[in-house]
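Have a look at the structure below, then the notes.
Letters A, B, C and D mark the chains as written, and numbering starts fresh at 1 in each.
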C-alpha cells in the first residue's frame, strides 16, 4: 500500500468515493467537474516549488499489489491555508458574565459568535477509507492510521509550506432520524433550504451566502433547543474514531464549531502535533540483502511509516518493516523501490 | 532563600511592595485592609484540604539568612479559579470575513469582543521582585526565575487543586508619557475616569462597572487609533522579561487582551506548561554527610528548585545543590531543614 | 361625584389596597408601603419645585368618589420615563438577509435593546378598585385627567408620551415571553422579577438582560405569538389610548413583551382639544353634554366629568355639584375638553 | 411653460447630461447610459402593470421647458425603497451605560444598521439643469409633482415616504464620515463607492459594511460632526421637504451620513391639500393665484404650476397655456393643489 499525490487518472475512483460518502462529507461533493478541478488544483500545488498560497494537497491510498482495477482504497487531503480566496466561517463558543451586585446574581452565559478566526490556517480534511478496506488484521488493520497520519508526515517533510496552526472539522451530531439538532434549531431558521443543500453549497466552495444569510449578531445558546445546545462541539457517532485519533495527535477543541451542524473544529499548533513533532529525518540505507519476508507475512503489523524527505511532487509514503537505528533506516530493495528512494536519500519517518 | 505561603506577619512587607509597584500593577493596590484580606484569603486557601473554590495562593520570597529586618525579597501568587464570584472580562481579538463576490472584494476585519471565556481558569499573578534583590550573580541572579517558576512547582505538587487552563495577564504598552494608547482610544471614551482609577477599582475586585459601562457590542479595531491598534497584545517594556519567561514555559497569546490597556493574556493548558510537565516527583534522601560547601560558595548558580510534595500548607521551596539520580534526590541536613523535609519524604523537583 | 386630584399623604392605605387588587400586577404599582410612600413624597416635592424642563419628577393622582368618601383609583405621570434609572424596551426591527447569488431574500425580525423611550413622559400605574372597573367613565376620567395636567403644565413634561400595557400571560399566570427570554438570564419567575423591577432601581435590568439584539426566530412559538400583544384585562385601556391618539410602535416591554404606545403630547386629543376658559356664573341646561373639566392649578389641580356648556364669550357653565367637586367659584380659570361628538374627527 | 411628465425613451441623452451636471453627484442618478435606460424601461413597465400593492416599481419623471423645447430636470419615485435590493441606513440610538455602584451614568450614541426605510416610498434622483437651479418654482414643481402622482395613485405607493439628502463633503470633495467608517471596509474613495452603489445592486453593501452597531464615540471628530448634516447644495431642498411635512428622524445614509427624512404620505401638504376637480370651460381672472395643477391619469399624468381658480361647483378654471401644456380639454378630471396662502396652516 502506498500513499501518493492524486493524479487525473484517479478521477473515476475519486467520484466513486464521493458517491460513497454522501451528505455531511462536505468537502467531497459528487460533481465530476468540481472533482476534476480539485485534482488539478492539487497537482499544481504539489508541483509549485514554493507553495505559499491556498494550496491543496490531495492524496490517495493505493494498493500497489492489487491485480484488480480497484486499486484506490481511500483518500485524504490537506488545505494549506483556508479562507484566503473565499470567506471561511465558524461559530465560536464564548462566555459572557452577566452580573448584578444589587441582586446578588452572577451568571455566565454562553454565546456563539460568527468568526473567521481560522483564516490562513491549514486544514486536514477529506479523509476516507473505502468500506472494502476497513477491518481485518495485520497490515489491513493499519490502513486507517496510515491514511490519517501520512498527512503529518507530509507536513513535517514540507514544513515551510504550512502556517502555524492546523485544524480539522468534525461532522456534528445527528439524531435518530439522521437530522442535525443544531441545524434544526439555528441554521434552518435563517437558511431557507435543507441541511443537505446548504452542505452541498459549502462543499462547492460557495460560502458567501453564509455572510449574507446567517445571523450577524452573537447568539446566546440559551435560545437554542436543548438538543441543539447538547450538540455543540459533539460529533457524529461515525466520527468518534477520527476525533479520538486527532486528540491523540494533540489537537483540541477550542470552542469553534461548524455553523451548520455544530460539530467541533479540532485544532493545534502544527509544531505541537505529535505526528509532526515525533517524526524524524533519517538517511536511507538501501540494503540489497535485506529481506522482505517479514513484511510479506500475513500477520505483519507495520509500525514505521516512511516517505522521501524531498520535493513535494515526489512524495510517496509506505510502511517499512525495520526500525531505524540511530540516524539511519535500512530499506529492502522492494521498499526503496516503492518509496522511489535511493541509498543516501533523506527520509521522513514516523512511528505509528 | 525560600519561597513560602504568606502569613499575617508579612503584611507590612506586602504593603511596602504594593507601594513600590504603583499604578498598572493591578492586583496589588496600596490598601492595607484589602491586603490583609488577601493574606487571610491565602492562608485559608492553603489550609483548605480540598481547595476547589476561588482559592488564592500567595507566596513570599524570604531571605532566611538575612540578619536585617528586611527579609522579604518578593512575592507571587496563583488564583485557582478566576471569575467565580465576580465577573472577569477580557477583550478577545477575533476576525470576521467581509466579502462581496460581486465586487470581487474579500477582506478580513479584526474585532474585539467582550468575553468572560476565562472564567474558572487559574491565573498566575502578583509577581514582584524588589529592586534591592535584582541583578547580581550566582544565586542572586536566579531569584527572578525562582519566584516565577515556583508557582509551577506548587501547581504540579497540588495538581488536583487547579483546573485545566492557566493564564497570566501582562501589562500593556504605554507611550512616552506613560499613558496607554489603547486606553486613550477605547476605555477613556466610555469610562469617565482616568486609567489609574479604573485600574485601582479592578485591583480592589470592583469589576461590575465593566459590564455596566464598557461597550457591549463588538468593536472593529479599525475604529481605534493606529497607536491603539498597534498596542493590542503588546506589552510594557518592563514586562518583556516576564512575557519571555512565560513564553518559554509554553504559554501563548491566544488573542485575549486586557480591556483597559490592551496587554496580552498569556495562557496554556496546565499540563502543557513546561514547569509542570518537566517537574518530577522524587524521594528525599537526607544525607548527614552531604556537604553544603558548593551551595555556600559565592558563585553558586543553583539549578534545582525543590519543594516538599505534600500538604499545601507545608509548601516551602528552595534551591538544592545536587542533581537527582534516578528517583532520588540527596539533601544535606541544611537543605532538608530549610525545606522541612525528612528522609523518605516525597519531593517535587524542577530543573531551572 | 368622581374627582381626580393629586395624591395626598393620607391616601397611602387606600393605594396599597389598590396595588394589591391590580390585575395583572403592575410593575409600576407594587404592593409595597415604602415604595408608595416614597412616590407620594416625590409627588409633593415635584409640585413644590420650579420646573423649566422635565426631569425626575413624578406626579401621582388619586381618583376619589366624593359620595362614597373613598379613594377608588390611582394613576401616575413620570416627567421622563428614564431619568435617574434608564427605561429600557426592546425595539422590533426587521433586517433583510439577502443572497443575490442564490436569489434568496429573508426577512429577519430582531429585538434590539433600546433606551429611546427614556426621554418620553410616561403614563403608568393606573389602577381602579374592582367595583369601579366596569365604570368606563371613571376609568376614562382617570386616564384623561393626566393629559389635562400635561396641557396645563407643558414645561413640566416631554414633548412626547409613552404608555405601556401588560403583556399576555398564560393560564397559569406565566409570561410566555419571559419564559423564552428573561428566564435564561434570571432563574426566577416573572412575578418575582416584576416585583423586583417595581421595588428596586431598574438598573439591574441593564446588567442582567441581554443587550445584544435577539433574533425573534430563536424564541419559542408561544413567546413570538405574544410579542406586542396586550393582556386581556388591558385591551380596553389600549384601545382607549389608541382613540386618544397614541400610535402603536416598535417598542415592547423587555419582560413580558407588552406593547409600548407613543404619541406627541400635543397630538393627543385631550391635549389638543382642551381649551382654557373662565367659570361662568350660570348653570348649564338640563341636556348639556358631559365634558372633562379641570380646575387650573398645580397642587390644587382637580378634574371631573360633568355637563358643561361653553358660552360664546369663553365662559364655561357648570352645575353645582361639579363646582363643589372642583372647589371653584365663578370667574376662576379652568380647562375644558368638550365632549367628543362636538369636535370634528381629526 | 414648465411641465412635469413621466419619462420617455427619447429623454435619455438629456438625462445623461443632467446626471453629469448634478452637484454633488447623486448615488441614485449615475451618469451611466445603461442604468438610465433601464430606469426608463422600468418606468414604462411599471405604468403598464396593474398594481394592487406597491412593489419594485420605479417612476421617473422629466421636467420639460415647453418654450425652450428641452428637458431641464428629472426626479424619481421608487414605490418601495428596498424591494429587490435592501435599502440600508444607520439608525441613531442613544444607549445608557450606568453604574449605580459608582454613581455614573453615560449616554452612548450608537449607529445601528437598519433596514426600516426599505418599506417606504422613496423620493430620489432629483436634478435640474444648472441654469434652472435658481428657479425655485421649477425645482418646487418637480419636487411636488411626484407627490401629486402619489395622491392620484395611492395603491401604487407605501403609506410612508422617505427622502435622503447628500451629506457633507470636505473642501476636497471627500466625505469625512466615509473616511472614518466606510473606508475601513472598502479601501476605495467615496466617489467610487457612490458610483458603484448607483450602478450596481446595493446588496454588496450588506456584505461589506459593518452590520454590528457602531459607537459614535469611536468615529473621528470630523465624522461625528457631519452625522445627519446636509450637503450645502441640498439645504434648500431639505428645508422645502420639511415645509412639505417631512420630519427629521434618526436615520442617516450609511455612506455619507446625510439625513433621511420620513413622513406619512397622507400628511404631506401636497397630498393632503390637493383635491380632484373638473376642468371648467372658463379662464381664471388676471389676478388668479398660482396653483399646482395635475392632469389625472397614469401614463398621461402631467403637472404644471399655473394661475387657477376653483369655482364653487368644483370646476377649475385654467388659462390657455396651462391647458395646452396639460393637453387637456374642458370636462376632464384634474388634481389641484391650491396655493399655500389660501390654506390654513395645519
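Throughout what follows, contacts are C-beta pairs under 8 Å (C-beta built on N, C-alpha and C of every residue); 3 or more make two chains touch, one makes a residue touch a chain.
It should be emphasised that the depicted structure is a prediction, and the values quoted were computed from it without experimental measurement.
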Inquiry  = Applying the touch definition from the top, give me the chains sitting in contact with each of chain B and chain D.
reply    = A, C
Key: Distance-maximising chain from chain D - centres being C-alpha averages   = B
Remark   = The pair out of B-C and A-C sharing more C-beta contacts is A-C
Inquiry  = Based only on mean CA positions, could you tell me how far chain B sits from chain C in angstrom?
reply    = 56
Query = Which integer distance in Å separates the CA centroid of chain C from that of chain D?
reply = 38
Ask   = Distance from the CA centroid of chain A to that of chain B, rounded to the nearest Å?
value = 37
Message = I'd like to verify one number: the distance from the centre of chain A to the centre of chain C, where each centre is the average of its C-alpha atoms, in whole angstrom.
response = 63
Message = Multi-chain contacts only, two chains or more: what residues does chain D have there?
response = 98, 100-101, 201, 203, 206-207, 212
Note = Touching two or more other chains in chain B are residues 98-102, 208, 211-212, 217-218
Ask   = Which chain B residues qualify as touching chain A in the complex?
value = 83, 85-89, 92, 94-101, 106, 108, 113-117, 119, 208, 211, 218, 252, 255, 269
Request  = Write out the stretch or stretches of chain A touching chain C in their complex.
outcome  = 98-100, 102-103, 105, 107, 109, 111, 185-186, 189-190, 192, 201, 206, 208-209, 212-215, 217-220, 222-224
Query = Quick one: in the complex, what on chain C touches chain D?
reply = 82, 85-86, 93-98, 100, 112-116, 118, 201, 203, 206
Complex contacts: residues of chain C adjacent to chain B = 100-101, 206-207, 211-212
Key: Complex interface listing, chain B residues touching chain C   = 101-102, 208, 211-212, 216-217
